[in-house]
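Structures follow.
Here come two complexes built around chain A, the first alongside chain B, the second alongside chain C.
Let's look at the complex of A and B:
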């Protein structure tokens, strides 16, 4: 909207562009519209409903677990999902599923929030913990591996933990609160890392349909700013602290860049997602084939799934096992320290397919 | 200039007093205090306080550690939302937004896990 020479202190000279009755409360980054609170709730909820229906995310009668961490995205997701389920009669059985990684001062606090959400939204809650599933908490893992590559362990373990929890609850689908900003960051991250295989998958709204539990992201086109504003105006209860191990994560660089981009041109975020969706991978690129892990039966493109490789490393005191790329094989030198330690390692750590070789 | 945790405003007869509310993790930069009642002196020649002035003031007087998590240059770090009287500051001119006494400014950081 154009600004006059004298900018009024309040926006009282302009009205909500949708209802033309009320004073606008925010400027939507997606559309640059100035919109009042009530209209904002309506468009926010309606757009998510359209994403759910348009992409046929659910079928009536399905049991659906909501990945809940107690943070802003998952709290708003739980709220909106139960509201839309009721309003539009999706006919879904909703559950909250939470993962306890064992990070003191972070996860123990946010789990309290999820327990409150269970009561506030009336959704049954299941918590799975790394300690139970793997015998290690993140705090213990970090003590062994140091402050680098923590997110690799945590992310891999969490993915499996969610699947295990979902299997326990006997749900048909898992939903997570990944928002537009997250997905744009992931697209950038995969480009920066040259990970062609992941690049082709990361913008799909539903993933893992050929695996144990399909998972979908109803917030795929929802801006983080709008999620936070929604939660603020509706006074939703969420926990907001950065994981204590995250400052060293590579994703932080992508996030910084995306945020700077958003400031200059907010539509850049959905545009990046659109570009990500439009990538076509050349058929001559070798892509990983899907099989199952020999040790635990979980879905995997290598002999052992990543979680088993990482766990093996932890339990044997080889924290670097499964971390980083195996350069030796590409050059044919084969002089890698790991191979000297144990002949078995070579078969576990085969070359990662679908990665760009420079 | 003082920050106070008390809910009541100790300077009700003084102009230029504002409420600042920090959330989304920003409160950790202010000794974990969310609500602040502040009194900001206007510089000579200025009739009204703008958000730009308030931010500069906050950086010096409110933020006790890691100012780079709150501000980048003259403005807030990208990812920090600003509301003046529960309205997005993008509607009122961002840094040029002028403030009146008893206005409530809310800073919400979005830079954490969801």
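Let's look at the complex of A and C:
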């Protein structure tokens, strides 16, 4: 049960707490205030506008690609971005960019939604697919490597795919629909998994400024529940199923925890992000040296970029290549065979590639 | 979690797979050792004695299946001793107060400190010149019966048990102190317990109540330590509890101050706090208590409620999924930059052997930045990040608002009341020494300075806006 509701007592009067005119239609998940629909739209859009302006995310005249999966976050993102772009004259050229990982029963359906969004919002759409880029779909990959490390493959491939698509569209920036819940989950995950380097980067609202294409997250402080509410009330068209491989993801632990936490104390989500921003992490030692991949020319801190390493593993029937760290150096007997086979490649992935995000 | 092969790198405990073949082990084929090469049925370390769990019908996992009782104990004590010596936690001239809650960790802490003291005593008696004095040890228990739901009799009984436990740990004799959080109020107030009850009652947030009690507990320990001449305060904070604290601090927005709380040494307090059991998990400590017959006190505290309870069940769940998760969490948090006060103040005592001083210099963390003057929250004593520093602006600001703004954001939200009127009453319920901490010490100087430059000031408020 909620403890110590910080709503002032007057909220029990049956009027929206913001305009005091209309009847409240909902309780805001972030603040538990009772609010009418119109005010909710206004406050939702205004907060995002403030985040965009306050963090100087865009410059007038920029071409911006919106990472669109067809899910609620990217649909609302596309809607709100076009709306704010028009209302506040950001002067941006917006595009939709979608990635087809080749997951039947999930991605093929959500792509239909994105194609509808293209028409509904009038934004040009580009779809990049794993099959085209890498020669493998996620379904094929899962058949080979199972359900344990498939998210690693998908994440690494998607990142490159988005960059390739962005380069094709010749855009200056990429925006994604990562919301407050996502970032809070990532902070927790990085603590649980010992990744201090990522911990220092994961709360930045803009990342990859020194890479091929900067990415920003205008929804950094927006609660997932509020995004759902917005989409629901505005009757936006989105595809609401989770990736079929996600139940096995470790992120599920963090997600469950955050949902329970939100029930007790809604502001904890933003508190986690704030903690993440304030962690005392020495920035001097962490940055990996930036170079390019020998095989494909993509940005990489190692000889080969992670996507190439993973692809190599897939193509040579070595699904564990590139998974985990310093493989074969700790495990004694089991891995000696692997080591002999993959002499030169082994040394490459002894360090985590520093340019990876989720 | 689907685990495809033995090459899985997710740190899944090998023993878990073997534990599935759990049948009563025969003496020859041995117990559930996970390792392929080890001889079954003997301790990994000494290869002589049987592991702790053999003969108990199987089902032993982890350390119980790998080590014999002696090696296990030696391993644990070794971790304790390494922590103590490498951080110079206890030196011969110290008077050490062990915070004793009756739980497993503090029981082991007390036991180990006692054993260390015994050895020092033996060495002292054996040495001809008696150059190294033996450090003193005391034990303190914080009695919270006035604000918890434990019966008065239950507490009395527990205290008697503790007294007898402590008296059995002699020689050397250790003094046993019982202190109540209510003693924080200035002596002479007869209604201390009532005020304490009212104070806790004035906090709406369940987690805030828990945390406020925890902070008051620390203040009470500090009070008894400094009043009785102790120079170090030993807490039995172990890996498992620290892992929960890491998550808790993150969830409550205390990411900045987290690195201050989890180091081996915390010298921001008047009596520096040391954590010699930082590298031991609750599970290891429970096993030790069991095999050595160390009885923790029967005083069962309420299960933490609110966010703290949610976090402990979350960490327990993670630990079940991967037994090394707690250590990973603490190791990650250990990579955060500590503060300048996270090391023992340099020893200038001639009694302390040169080796200890040299070791301390070696392990003492080098400050990353020059010693900045951090401001600390008056309630929880955590370093406050700049944006919360009190504005020493115009003298017109209400002292209660100043108090509130000098607290960290977490205490502001979950402990302090939200409106001005309740704020005044709340401040009156707090122990005076806590409220006094927030008063900026520079006020007098500031007024004098202001006089000198008054003619050039343009606006009324001269503090940071």
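The definition used in the following text is that the second predicted complex is superposed on the first by the 321 of 358 C-alpha atoms of A that agree within 3 Å, B and C clash if a C-alpha of one lies under 4 Å from a C-alpha of the other, contacts with A are read in each partner's own complex, and residues count from 1 in each chain.
We adopt the following convention: a residue touches a chain if its C-beta (ideal position, glycine included) is under 8 Å from a C-beta of that chain, and two chains touch if they have at least 3 such contacts.
Source: prediction; values computed, not measured.
**Student:** Do chain B and chain C fit side by side on chain A after the overlay, or clash?
**Tutor:** The answer is fit.
**Student:** When the two structures are overlaid on chain A, which partner does A:71 contact: first (chain B), second (chain C), both, or neither?
**Tutor:** A:71 contacts chain B only, not chain C.
**Student:** Which angle, as a multiple of 10 degrees, do chain B and chain C span at the CA centre of chain A?
**Tutor:** About 90 degrees between chain B and chain C, seen from chain A.
**Student:** Have a look and say if chain B or chain C is in touch with more residues of chain A.
**Tutor:** Answer, by number of touched residues of chain A: C.
**Student:** Does the superposition put A:224 against chain B (first), chain C (second), both, or neither?
**Tutor:** Touch status of A:224: first partner only.
**Student:** Based on the superposed arrangement, let me know which partner A:41 touches: chain B (first), chain C (second), both, or neither?
**Tutor:** A:41 sits against neither chain B nor chain C.
**Student:** Let me test your reading of the model: by the given contact rule, A:320 touches which partner, first (chain B), second (chain C), both or neither?
**Tutor:** Touch status of A:320: second partner only.
**Student:** For A:148, using the defined touch cut-off, is the partner it touches chain B, chain C, both, or neither? Pick first, second, both or neither.
**Tutor:** Touch partner of A:148: chain C, not chain B.
**Student:** Quick check on the superposed pair: does A:241 touch chain B, chain C, both, or neither? Answer first, second, both or neither.
**Tutor:** It touches chain B, and chain C stays clear.
**Student:** On the A-aligned overlay, A:271 touches which partner chain: chain B = first, chain C = second, or both, or neither?
**Tutor:** In the superposition, A:271 touches chain C alone.
**Student:** Please give the least Cα distance, whole angstrom, that chain B and chain C reach in the superposed model.
**Tutor:** Least C-alpha distance: 13 Å.
**Student:** Please report the chain A residues shared by its interface with chain B and its interface with chain C.
**Tutor:** After superposing on chain A, chain A residues 3, 260 contact both chain B and chain C.
**Student:** Which residues of chain B touch chain A once you look at their complex with the stated criterion?
**Tutor:** It comes out as residues 23-25, 28, 77-79, 81, 83, 85-88, 90-93, 96-98, 100, 106, 108-114.
**Student:** Enumerate the contact residues on chain A facing chain B in the complex.
**Tutor:** Residues 3, 7-11, 14, 23-27, 34, 69, 71-74, 177, 179, 182, 224-225, 227-229, 232-233, 240-243, 246, 255-256, 259-260, 262-263.
**Student:** Which part of chain A faces chain C closely enough to touch in the complex?
**Tutor:** Listed in rising order, the residues are 3-4, 6, 145-148, 187-188, 190-196, 199, 248, 250, 253, 257, 260-261, 264-265, 267-268, 270-272, 274-282, 320, 323-325, 327, 331, 333-335, 338.
**Student:** Looking at the complex, which residues from chain C come into contact with chain A?
**Tutor:** 1-10, 36, 203-208, 246-247, 249-256, 258-259, 306-307, 310, 314, 317-318, 321, 325, 328-329, 331-333, 335-338, 368, 385, 409-410, 413-414, 418
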